[in-house]
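Here it is, the structure in full.
Chain naming follows the written order as A, B, C and D, and within any one chain the residues start at number 1.
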């Protein structure tokens, strides 16, 4: 396959829709083990990003992701802003100069993004953060030569739900210590929507 | 929600213009940003001092802008850290070539946004150093977790780093004394009533008529325990003892004391708390060099207070006494 | 009642010792009284400046003690005027032979107790003069009734009379400039929530979730009307317009502005109110010489604010800018 | 009759008892059109005064009233302190040097006290203050050569009750304007107790 500018735009469009539709849910999750602004922050930033890239013409995917990264960083705020921003920036870097992008390139870019999140957040799997969705999903993607959208969806969903069992050691949720167990991590939920949107785009490309 | 505001989503913008108009000769607003700087920024031959974070902690942080203290404050939405680009613009607004020192309260959002802004600035050849304040002993100190929160003790870091910068110190020298301050400052707070984020419209948490929460954070983050409200003496004792468990003070040590109101608590009650805190320190033979009683690091209209102790040496004493023009921390 | 206190009947005594311990080098407590004075009282070759009244208005009045402002404050029980003998002792504590000037808020209790104390002192040959502040435009001005209340504008009278005294003026000269200040200062306040006198245990009044009271006094005395709470802009407009009806200001007149918090209202909201007040004055071509935003004359933990305008001439400007060491009104 | 030191002490003792018994009522009245401290203030001050003079030996009535005046001034506070204090001080002055005091002297002293209250408070009859009890009672007393306790009680009671109809123009109650009508003035109530106590003492002297 060849992941092009329109795919990138489409991905963000779908992701933004899902986040907007679930703004309340994300905020509710963040009220329980955070400060209740994750939905507000994400919806504000992704909406802005979707508009920016939608209105603009691009001749390569790297630039699309660069604009997305910059908008998210300046509009999301909180912890999620720099984290998602970093991920998209690394993704953009890793695709720089490529005029055709195959599935392997995309997965490599995403895994650079994950590395960025972990460095930026000084976090690893098992701390009840969005890393707990990104890492299993990207591992899953790395194992296949071609995209397997259904598996991506399953893995993301299971990973997101599994954050319930984790005791948070990073982010605001960490202040809740044991009390953070039993609740889904808001950032993992928004990451789930992100990969759900990507899977749908990849499905479209195949058919 | 009962507040004296206009549009709940415009409170930060409205506040900024109200602040500037209150002190047009001291403060400057960088158009199109949420950054406030000294009127005379950038100050040549001086490291630029920057702090900030979510709004709702007034007078922190803009009230501490002035010669001898901060060069700029970057304001986020209420209780939400400012975004990377805002911090980045603040860095550019105060760099005179000597570099910029940023004072960050230890919250993931603040740390990440200030750090990224720093990287962007450094990529342009601007020298940036920073310190992360984590004085809240209600949270256990751990490098495996987010760690301790930054609360009222941050104001002492502003004052001391600001004085050092005012004396023409280098970025490295400022970092050194700021780290010393962070290593020697401890705080703990408690609340008897909640606060409401304007955009949320609902109280962040609720306390029963008889309840108080000990160890609460300045955004209403969970504390150590909820229990029936006791006397000012018992509250002062619990906060002070917890701090003293964490910072061993021995006879003749000298400290600065800050009794900070969280928003709705009258000065009268803060003085009543101070009475007991001073008594406890006296009984331990600890010398109080200076005491600050008032609202320094608030949480909107939360009812409650925090106690902060800063252990002093000669350098810190000198810097604490250094003149400051900051509206909310004037020192002659 | 939820307060950070010990014995509700001891709050004033507890507060006094907490205040003294916060500033042992600046303040002195006259044993066996509720009088606080400058550490260096009596100040030779200077008229002693005295104010006071019921407690619960902190930082008024003890926060305004210091070179360039008050020599002493006499504290009554919460919201109750101090008794004759306390005021009398305060007069004696600050008279250095040049006489004593007392600044009284216009409440029957305060006026009567200060006046009688004055007579007792005069009977002993101490020269005493006084001014009665009545800046609250919410009450109609009448010589047949108790007349207007003294509220936040009183702080400007402290500042200006204090500066005059610091410059070595005579009792008569101080009285003259204090009266000029009173003639040119107007205020009005509003509340969105009540306060509770510790000894009473119950809120002094109650407001519905949607109600505010416009024109309320600093002890919760009735205002002009109760109505649904509006926006900060509308509140600022109503308070300012009412003041301007009473003090005709014409283009190019210069004023000092004070946006005063009554206790529970965050600084953020006071700045939002200031934004609109400044806009109104600008549109009228009135020049703002200085603006003060903060808690200057509170009513325990009452939620609300007041707006004060002081019309300035060159003499008042000079005295307003004169240095002050008062902890809560520092001027460099 | 001869009004002596014991009569003066007895008067204050009875007055203090009545005020103590009705502390709540006085405070309630002051809550409606004042700041709710009249009962607290009066009880505190009169109790102190009663103790002071009770423990002390006196060889003339003037000194008893002087001590009462001073204690009230320093312990009552508010508006009532200086007002009642002034009244007792003037009473003391007017009896100074007299070693025997007849009814005429007493009435003269009380009317000096009333003048003191009016000067101090810049108040006259009809402003809903304690003057509205003091003036009619003293007028009544001036009309008889010997004490007529029943009349004194009646006049005081009627005068106190009549303050209901007045709109306050002095003291805190004045801030309530029209709303002050329909409520008894707290200071007039405490003055009623004062004259009730005096009448009882005078009754005792006659029998």
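Everything below uses one rule, namely that contacts are C-beta pairs under 8 Å (C-beta built on N, C-alpha and C of every residue); 3 or more make two chains touch, one makes a residue touch a chain.
None of the values given here were measured: they were computed from a predicted structure.
Asker: Everything stays put except that chain C is ignored; which chain groups still touch one another?
Answerer: A, B | D
Asker: Roughly how far is chain A from chain D, centre to centre by C-alpha average, rounded to an integer in Å?
Answerer: Spacing between the chain centres: roughly 81 Å.
Asker: Where the centres are mean C-alpha positions, what is the separation of chain A from chain B, in Å?
Answerer: About 33 Å, centre to centre.
Asker: How many angstrom lie between the CA centroids of chain B and chain C, rounded to a whole number?
Answerer: Comparing mean C-alpha positions, chain C is 29 Å from chain B.
Asker: Give the residues of chain A that touch two or more other chains, as numbers and ranges in rising order.
Answerer: As it turns out, chain A has no residue touching two or more other chains.
Asker: For chain C, give me the residues that contact two or more of the other chains.
Answerer: none
Asker: Using the definition of touching given at the top, classify the network of chains in this structure as line, ring, star, complete or other.
Answerer: line
Asker: What's the complete list of touching chain pairs for this entry?
Answerer: All touching pairs, sorted by chain label, are A-B, B-C, C-D.
Asker: Considering only the defined contacts, which chain B positions touch chain A in the complex?
Answerer: Its residues touching chain A are 76-77, 79-86, 107-109, 112-113, 115-116, 139, 144-146, 149, 197, 199-200, 204, 217, 219-222.
Asker: Chain B touches which residues of chain A in the complex?
Answerer: The touching residues are 35-37, 40-41, 70, 73-79, 81-83, 85-86, 120-121, 169-172, 174-176, 179.
Asker: Which bits of chain C are touching chain B when the two form their complex?
Answerer: 2-6, 11, 14-15, 17-19, 21-23, 55-56, 58-59, 63, 192-193, 209-210, 229, 231-233, 235, 259, 263-275, 278, 288, 291-293, 295, 298, 300-301, 303-305, 325, 330, 332
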